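Which chain is which? They are A, B, C, D and E, in the order written, and residues in each are numbered from 1.
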Amino acid sequence: MSKLKKENKVLDKLKSVFNLSGEVKRKQRIAVKSDSKHVSSILLFLKNQQGFIHLNHISCVDWIEENEFELVYIVWNPKTKLTVLVHTRIARENPVMENIDTIWDQANTYEREFREMFGIEFPGLVAPKEFILEDWDDIPPMRKDFNSQAYALENFATRPGREDAQDVREVIQKRSGEELPDFAKKYSRD
Amino acid sequence: MVITPVHYIIAPLIAAFAIPLLTKIHKDAARVVPGIVLFYNVIVSFVLMKHIREHGMISEVLAGWQAPWGINLVVTPFTGYLASMVSILGFIIWLYGFRFKRTLKGGEIKFYEILQMMMIAGSIGIIITGDIFNLFVFIEIVGISAFSLTAFYRSRDGAEAGFKYLLIGGFASAFLLLGIIIIYTQTGSLNMAQIAERMPDVPQQMKIIALIFFLVALGIEAEMFPLNGWAPDAYSQAPTPTSATFAAVVSVAGVYALIRVVYTMFDVEGVNNYLMIMGFVSMLIAEIAAISQKNLKRMLAYSSMGQIGLVLIAFGIGSKLAVFGALFLMLNHGVIKSLLFMTGSYFIYNTEDKKIKSLNGIYKKLPFVSFLFGLGALALIGFPPFSGFWSKFYILMSAADEKYIFLIIGILLVTVIELTYYLRVVGRIFFAKEEGEPASHKPSVNAIIAMSSLALFIIVIGVYPDLIMPHIQSAAEALLDKSNYIQQILSLN
Amino acid sequence: MEIIAIILLILLVGSFLTYFVDSFNKKWTGTTAFLIVLITAGIFFTKIKSGYQFNFQLAGLDLQWGLTDYSYYFVYIILGLSVLALLYSIKYMEGKARLGYFYGSFILTVLGMLGVVISQDFVSLFFFWEIMTWASFLLVIYNAYYKIKTKGIKYMIFSAVGAYAMFTAIVFIHVHYDTLLISEAIAKGAFNFEQYIYIPIFLLLGFGIKAAVMPFHVWAPPAYAKSPMSFTTIFSGAMSKMGVFGIGLVFTSFYLSSNPENFFWVRTILGWMGGITAVMGTIYALIQTDAKKLLAYSSVAQLGYIIVGLSTGTQLGVMAALYLAVIHAVFKGALFMVAGAVEKQAGTTDMTQISGLIRKMPYTFVVALVSIIALAGVPPLGGFVGKWLLYEALITESNNYILVVVVFFSSTAAFMYSYRFLFGLFLGQEEKETEHVKEAPATMIIPMIILAIIATVAGAYPGLIFEPAAKAMQAIGFQDVTWQMSSLTNVWGDTTDLFLIAMLIFAVFIISFVFLTLKGLKKTRYVGTKDISTSGELPKEWENLTFQLDFFKPFERAAAPLYKMDMNKIWKDLGKNLEAFFGFFRKIYTGNGQTYALYIVIFLVVLLLFRDVLFS
Amino acid sequence: MEGIFIKILGAFLTAILAFVVGMLYGGLRRKVIARAQNRVGPPIHQNFLDLMKLQAKRTNIAHGFMGHMAPVWIIIAAMTVLMFIPILHGNLWFENLTMKGDLIFLLYMMVFGSLGMALGAGQSGNPNSAMGVSRGLAQLVGFEIPFFLALIALMIQFNTTSIAVLMDHQEATGRWIIVDNPFAFIAALLASLGMFRYAPFDIVGAPAELASGPRSEFGGKYLGTMMTGGAVFAFIKLVMYVDLFLGGAGNNNLEGLAGTALGLVELLVKTFLLYMIPVFIGLVTPRFRTEQAIQFFWKWPTFFGILAIVWALYKNGTIG
Amino acid sequence: MSEIKSIGIPTPEEIKQAQIDFAPRCTSAGRVNDKETQGMVEHILNFARKHSLFVVAYGTGCGAIEIPATMTSRYDAERFGIRGAATPRQADVMLITGYLSTKTLKRVIRVYEQMQDPKYVIAFGSCAINGGMYFDSYNTINALDRYLPVDVYISGCMPRPESVIKGFVKLQELIKNGNAGNGEAYRSDLDWYRKNQQKVIKNWDFPDNYNW
C-alpha cells in the first residue's frame, strides 16, 4: 500500500470531494465510477486542482444487456504520471451526455464520433454533423444492435461465394485433413 | 459739369436722413432708396471716369475753401478706379441683399439698409478724399457702421464680435489721430498733397514715429497681421451682405488708405520691405489658419486676409507692374470674394449650422449656387481661364522682375495651401454623400442676377483681360506719379 | 478668325453645349460629346498641317500658337484616343448621374491638352495646362464619393505644386531671357544647365509630376483607378503624355546641345528616377487585387520607361520614348477600356470577386489578351518594339548598363501582373456570381478592337509609327533619323526583321493550331471549370476554388525589402505633420479681444523699438 | 530558288533534329538518374513511348479556348526561337532561314511559350495550376536577371547583339567566349538551372505540392504536344549556350556531308556535357521554396553577372 | 448476442443472377480492341501504351505503402515505363490499393471518370476483390468491379512489390493483346454501373452528364 501513496492520495482527495466509488487499479492508474451528472465537475477538479491537464482519451462501450452506454474519460497528470479513468454510465435510450469540449478542446473530436457512431447527444456541441460516415441513414453503426453483416449484404454487392461469410476453417480442415489447432477452436464463431 | 465727386457723399447722407421719413410713407422705401442711391453712385462713377479720361483728374473743393486749406475731394484715375469699383460692388451687394429682411431674426431692416449704405459711402469717401482729417472722419463713419452691423443680429456671438471690433477699432482711431496730430504739428497742414510736399523738411525721427502710428492704425483697417484679430469674428458674425462688403469694399478702402499714406505722404525708406514682409506673413498665417477652419464664413474671412496680404506684397514690391497686379487683384478679390460670400450665404441658409461638414452634397439642392461657388473657388485660387489667374500672374511677374525668388516660391506654396482647403469644400459640395435633409431655400431672382453678373465678370475678364487692363494701367500710373498728384492739387486752386 | 481659335472655340462651346444637352435629354449627351470631338478632330486633321502658326496679343503679352512635327505627334495621341474614348464612353456612362458634368469636363480636358501641345509660348502653355489640370480634377473626383479628402485632393495638390514649379520657371525665363516664346527660350539657351539651373529643373519638376515620376507618383494610381474608366483611358493614355511632351521640349536643348556633358547629371538623375519609377510601379502593380489599380500602377511603370528613353538623349532612346508613348496610349487605353467593360458588365473589377469571364466576354478577352501581350513586350506585338529600342538604346548608345538591368527587371516582373490581370478577370473558376454577365455593347467593343488592331499592326510594321516619330524627333533637334518599315537596326548594325518574325509566328500558329484542333476533333470535349481534378473531391457550389488572394506571395517575400519603401506613407506623414503644424499657428487667433489688443500694443512697441532698423 | 528550298528543308530538318535530340536527352536524363540511384531505369527511348501514348489517347479534355491553345503557344515559341539560333555555324542546311538571332528578341521569345501555357493553365480553373504559374513567374523574374546580365556583358564586350556575330567572332579568334568572359558563363550557367526547372528549382510543377502545377489539367494530346515543345526547348537552350559560350559547332574545314556530320557530333557532345550539369545538380538536391529560389538567383548569379559586366568593360577598354 | 439475426443464405437462383450480372464485365469480351480486329497502327500504339503507364495511385487502404516500395531502387518499377502521375488527367492506370469504403468509392469514381481513354484499373489485395476481412463491415464495399471496370486484381493481403510488378506485367500483356482498357465498356454500360453506384452512395450529387 505504501507503494501506491500518490495514487491513494488522489483517490482519497476525490472521494472526499465527490460522492464516488473507485479504486487504485495498479501503479499510476486510478479508476473511479461516478454519476454522469458529476463527471464534468470531477474532470474540472482533476484538471484545475490536481494537475491532470491532459485528456488522453474518451471511450464508449455499449452494454447492450444492461441497456447502458459506458463512457470512460482518461486523464493524465504529466508531473506525477498518474492516470485517472472516470467511468460513467448513461441510459441507452435517448442518450445525452454533458459536453466537455469547453474543458478540453480535443474532446470535441471524440464527442463528434460518439454522436455519429453511438448516437449520443452532447447538448451544446458545435461541430459539423458528418464526421466519418457520409449520408448515413441507418441506426448508428457502433451500437451493438446494429447488424453490420446484414447491412453489408443488403447494401453492397457481394462476390459470389462469400454471401454468408462461412467459416473457412472447416473447409481448410477438410481440404488439408488435419486437426484444427486449439487456438483456432478457441476463437470459433460458434 | 453737373456731376461732381461730392455727389458720392451727399447722396447717401441725404438718403440716410430721408429714409426714416420715407419709411413712414411706404415700408419698402428703406429697401429701395439705398439701391437708388448706390445706383446713382455707379452713374457718378461712370461719368467721372469718362471725364477724367478726357480732361485729367478732378479736385473738388468743399465750402469754398481752396486746397490746401479746405477739404477737397480728388478723383484721379487711381481713386476713380477704386471708387467705381467700390460703388459697383456696393450696388451689386445691395441688389443681392434686396430681399434680405426675410432672413432677419432681430434688428430692423431700415437700420441695416442705412448702415450698409453709409458703410459703402464712407468707403468711397475714404478713397476720394484728399484731406487726412477727412480721411479719419470717413474711417470713423465706416467703422461705426461696421461695428453696428457686426452686432446686428443681437446674438451673443454677434455682440462679442462687435465689441471686439469696437475695441480694436478704438485703438485704430486713437493711433490714427495721434499720427495725424504729429504730422499736423510738423507740417502744419492736413491736406495730403501739401503734407507730401512739406514732408522732406520734417525731422526723420518724427516722420518715422508718425509713420508707425499710421501703419498700425491703418494696418488694423487693412487687416494686416497681427492686427487683424477682429476680422474673422466680424466676418463670420455679420449678416452675409455685410461680410461681402467687408471683403469687397471696406478692406479695399483700408488698403487704399494705407497705400495713400505710404506712397504719397511719406518718403521713408524701408516701408516697401515692411509691406512685403508683413504682407507675406499675413498671407501665410491667414491661409494656415484657414486650412483648419470648420466654419465656412470664418474660412472665407481668413482667405480674405490672405488675399489682402498678397495685395500688400504687391504694393511692397512697388514696381509699376506690381502695383498694376495689386490693383487688379483688389478688383478680382472684391468680385470673387463677394461671389463666394453670396453663394456661401445660401449654403449656410440651407444648413442648420455654419459648419463646412454640413455642406456635403448640397450640390443636388442648389446646383446653380454650387456651380458659382466652385467657379469662384477656382478663380480665387488663380486657375485660368478665370480672372484670378491674371492678377496673380502679374504679381508674380513683377516679383520675378525684382528677382524675389523665395517670395515667389513662398507665394506659390501658400497658394497650394489655399487650393487644398478650397477644393476640399468644393469636393464636399459636389461629391460627398449628403447627410440629413436640410430645408431648401432657393435663391431669389435678384440674388441670381447679382451672382451671375459677378460670375460673368470673372469668366469674361479671365478669357479677355484686355477689357479692363487699360483702366488699371492708368490707375497704377496715377498712383505712382506722386509729384503730378501734388502739383495738380496744389496748382489747380 | 483663325482656324485654331475656331477649333478651341468649338470645344469650349461644345463643353457647355454638352452640359445643356444633358439637362435636355440624357440619352444624347454622350453622342453629342463624341460628335463634337469627332468634328474637332476632323477639322484639325484636314485643315491644320504641321508648321502652322498664329500670333496674337493678349493682356499685353505676345502669344503664339502653332504646330511643329513634335506637337503634331502628340495631337495624334490626344485626338485619336479622345475620339475612341468618347465613343466607348457613350455606353459606358449610360445610366450614370451627372453626365453633363462628366462630358463637359471631358471636353474641357481635351481642350486643355490640345491647348498645351499647340502652345508655343509659356503663358498659353501654363494657361492650358491649368485648364487641363482642374478639368481633369473634376473628373477624378467624379467617382470618389468617400475618399474625396485624400484621393482627389492628392492629385490636385501634386498637380498644383508641379504647375506652380513650372510657373516659377516661366516667370524666370521671362525675367532672365526676356521672352515667353518656347522656341526663343530654347534658342537663347534657357534650358542649358549653364546659368540659372533652376529654370529647367523647375520645368522638369512640373512636367515630371504630370508624368508621375518616382517620388511624385503617389497621386497617379488612385487618380487613375478612381476616375471613370472611359476617362482614365485618356488620363493615362494621353494626359500623362503631356508630361512627356514637356520633358521632351525641355530636353530639346539637350538634344541640340554641342556639349552634352552639361546635362550629365540631370539626365542621369532623371533616367534613374524613371528606372526606379518603373520598378516601383511594377512591384506595386503585382500585389494589387483591383484590376483598375493594377493597371494604374502599371501605367506609372510604363511612364518610367518613357522617361528613361527620353533621358538617354540618343536617337534610339528618344525613338523608344516616342514610340512607347503612342503604343502605351494604345494598349493601356484598350486595357482601361477592358477594365471599364468588365466593371460595367460585372459590377466590379475586384479580382477577388470575379473571375472566369472569358466565356461571357470573349471579344473583351481577345482585346485584353492582345493588349496585355503588347504591354508585356512579348513579340510579335507592338510592345516588343518599344522594349527593344529602349534596351538597345541603353546598351549600345548610352552605356547605362545598370539602368538597363533595372528596366529589364521591371519589365520581367511586368509579366507577373500581366498574367494576373488576365487570370484575375477572365480566367480561373467560373463562379456563380458572374453567371449573369454578358458581353459589352458594340460601341464599347469597337474602340477596343481598333486599338488592339493598332497594337498588332505596330508589331509587324512599326514604321507606321516611326515615320511621324522621326519627324517629331527632327523637330526637337535630331538630324537624319533613320528608320525602317518593319525591321529594327541598332548602331552596331544588328537587325531584327519584325515582318518575318510575325509571318513565322503566324505560320507556326496556323499549323500547330490546325493540328491540335483537328486531331481527335470529335473526341475532344470542352468542359466547365468546376470539372477539375481535386483529388477526386466533387467541388461543391459553395466551395471556393478561386486562387486570387496573395497571388504573388512568394515573390513578395523574396522582394520584401523593396516593398518597405512606401512613398505613399512618407507623403501622408508629411501631410499630417504639416496639418498639425498649421494647427499650432491657428492658435494665434485666440478669439479673445484682449489678446488682440495686446498684439496691437506689442506690435506698436516692437515697431517703435526697431524703427531704426526698419525705416530710414 | 534552290537556296530557299534548301533553307526551308533545312529548317524542317532542324526541327526534327531538335525534337529527336531533345526527346532523347529527356530519356537520357531519366536513365542517368536511374543509374545514379542504382537501378536499371527506363530505356532511353522512353520519352518517345510516352509521347506516342499521350498522342494516342482516345479522348481529350480541354477547359475552353485558352486551354486548347496552351500547347500552341509553346510550339510557336519553340519553333520561332529555333529558327533564330544557328545550329551549325556556316552550314548550308542548318542555318534556319538565316534569321540571325537578336539576343533581346530571343530573351523575350523564350518566355512567350511559358506565358501562353500559363494562360491555358489559368483557364482550367484549377487552383494548383494558378499556384504553379505564380511560382513560375516569380522564378522567371529571379533567373532572368543574371541571365540578362551575362548577355549584356557579351553584348558590350563584343559590340553586338546578334548571336551569329558572336559565333563568327569565336570562329575568327579561335577562342571560346567562356575563356573571354568566364564570369558571364558562370552567371548564365547558374541562370540556366532555373531555366531547366530541374531540382532544386522544380518548384513550378512540384508534384507532391501542386500536382504538377500548370500541367495538372492537361492530358492526352495536349500534354503530348507540351512534351514535344519542352523537348525542343531544352535542346534550343543547350544550343544557345553552346553558341554563346562554347564556340558553337560546325567550325570544321570539312566539306559536304562529312563536315555536317562532324559538326553535329560536335554539337551533340557539347550540348550533352552542358546538359549534364543541371541534371547532376538536380540529382543530388532537394527542392527550394519559391522565395529561396528567387533569392538564390539574386545573390551569387547576379554577383557574377555584374562581375561579368565589369570584366567586359575592362576587356573592352572602357575602364581600367 | 442473440439479437443478431442470422443471415439468410442466397438461393442458387440469386447466385446465378449475380454471376450473370458480373459475367460480361469481368471478362475482356466485347472490347473495342479484339485481337482479331486490331490493325497494325493499333498494334504499335498498344506497344507504346504498354510501355508507358502513368499511374495515379489512389491510396485507399494499407496498400498505399507498397507503392513507394515498388518505385524504389530495389524493385524499380520505372524500367517498365511505370511512372507516377499527379493528376487523373495525365494518368493511364488507377491503382486501388486496398479496402474501399463507401466514402472513398465516391472519390474513386470521380477520379476514374476524369481519366482519359484508354484507362486501366488495377485493384490490390483481397479487400478490393471481395471485401477481405471487412466483408461484413458497414462501410466497405465488397466487389469493386460492380462499380468500376477492373482490369487486373492482385491478390494478397497486402501484395508485395513483386506481386504488384507481376500485376503490371499482366496488365501489359492485356494491353498488348488489346484486352485492357474498359473505358468504353464503362461508358456503354453506364446505366448498370450508375445503378450500383447509386445504391451505395446515398446522396448522389454527381453532374448528370458523364464526363469521360
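Here is the rule we go by: a contact is a pair of C-beta atoms (placed from the backbone, for glycine too) under 8 Å apart; a residue touches a chain by one contact, two chains touch by 3 or more.
Everything numeric in this text was worked out from a predicted model, so none of it was measured.
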Checklist outcome for this item: In contact with chain B as well as chain E, sorted by label, we have C
Checklist entry - From the centre of chain A, which chain's CA centre is farthest? => result B
Next on the checklist: Count the C-beta contact pairs for C-D and for C-E, then tell me which is higher.
Outcome noted: C-D
Checklist entry - How big is the gap, in whole Å, between where the Cα atoms of chain C centre and where those of chain E centre? => result 61
Checklist entry - Whole-Å distance, chain A centre to chain D centre, using C-alpha means? => result 62
Checklist entry - In angstrom, rounded to a whole number, how far apart do the mean CA points of chain A and chain B lie? => result 96
Item to check | Centroid spacing, where centroids are CA-atom means, of chain B and chain C in whole angstrom | outcome: 44
Checklist entry - Which residue numbers or ranges of chain D touch two or more of the other chains? => result 57-61, 211, 216-217, 220
Next on the checklist: Two-or-more-chain contact residues of chain E, please, as numbers and ranges.
Outcome noted: 87, 89, 106, 114, 117, 211-212
Checklist entry - What residues in chain B touch two or more of the other chains? => result none
Next on the checklist: Applying that definition of touch, give me each pair of chains that meets it.
Outcome noted: A-E, B-C, C-D, C-E, D-E
Item to check | Complex interface listing, chain A residues touching chain E | outcome: 64, 132-135, 137-138, 141, 144-153, 155-165
Next on the checklist: Using the touch definition from the top, list the residues of chain D that touch chain E in their complex.
Outcome noted: 30, 34, 37-43, 46, 49-50, 52-54, 56-61, 207, 210-212, 215-220, 223
Checklist outcome for this item: The answer for chain E against chain C in the complex is residues 58, 87-89, 106-108, 110-111, 114, 117, 205-207, 211-212
Checklist outcome for this item: Seen from chain C, its contact residues with chain E in the complex are 523, 525, 527, 531, 533, 535-538
Item to check | chain D contact footprint on chain C (complex, rising order) | outcome: 356, 358-359, 362, 369, 376-379, 384, 387-388, 391-392, 395-396, 399, 401, 404-405, 408-409, 412-413, 415-416, 418-419, 422-423, 427-430, 490, 492, 494-497, 500-501, 504-505, 508-509, 512-513, 516-517, 519-520, 523-535, 545-547, 551-555, 557-559
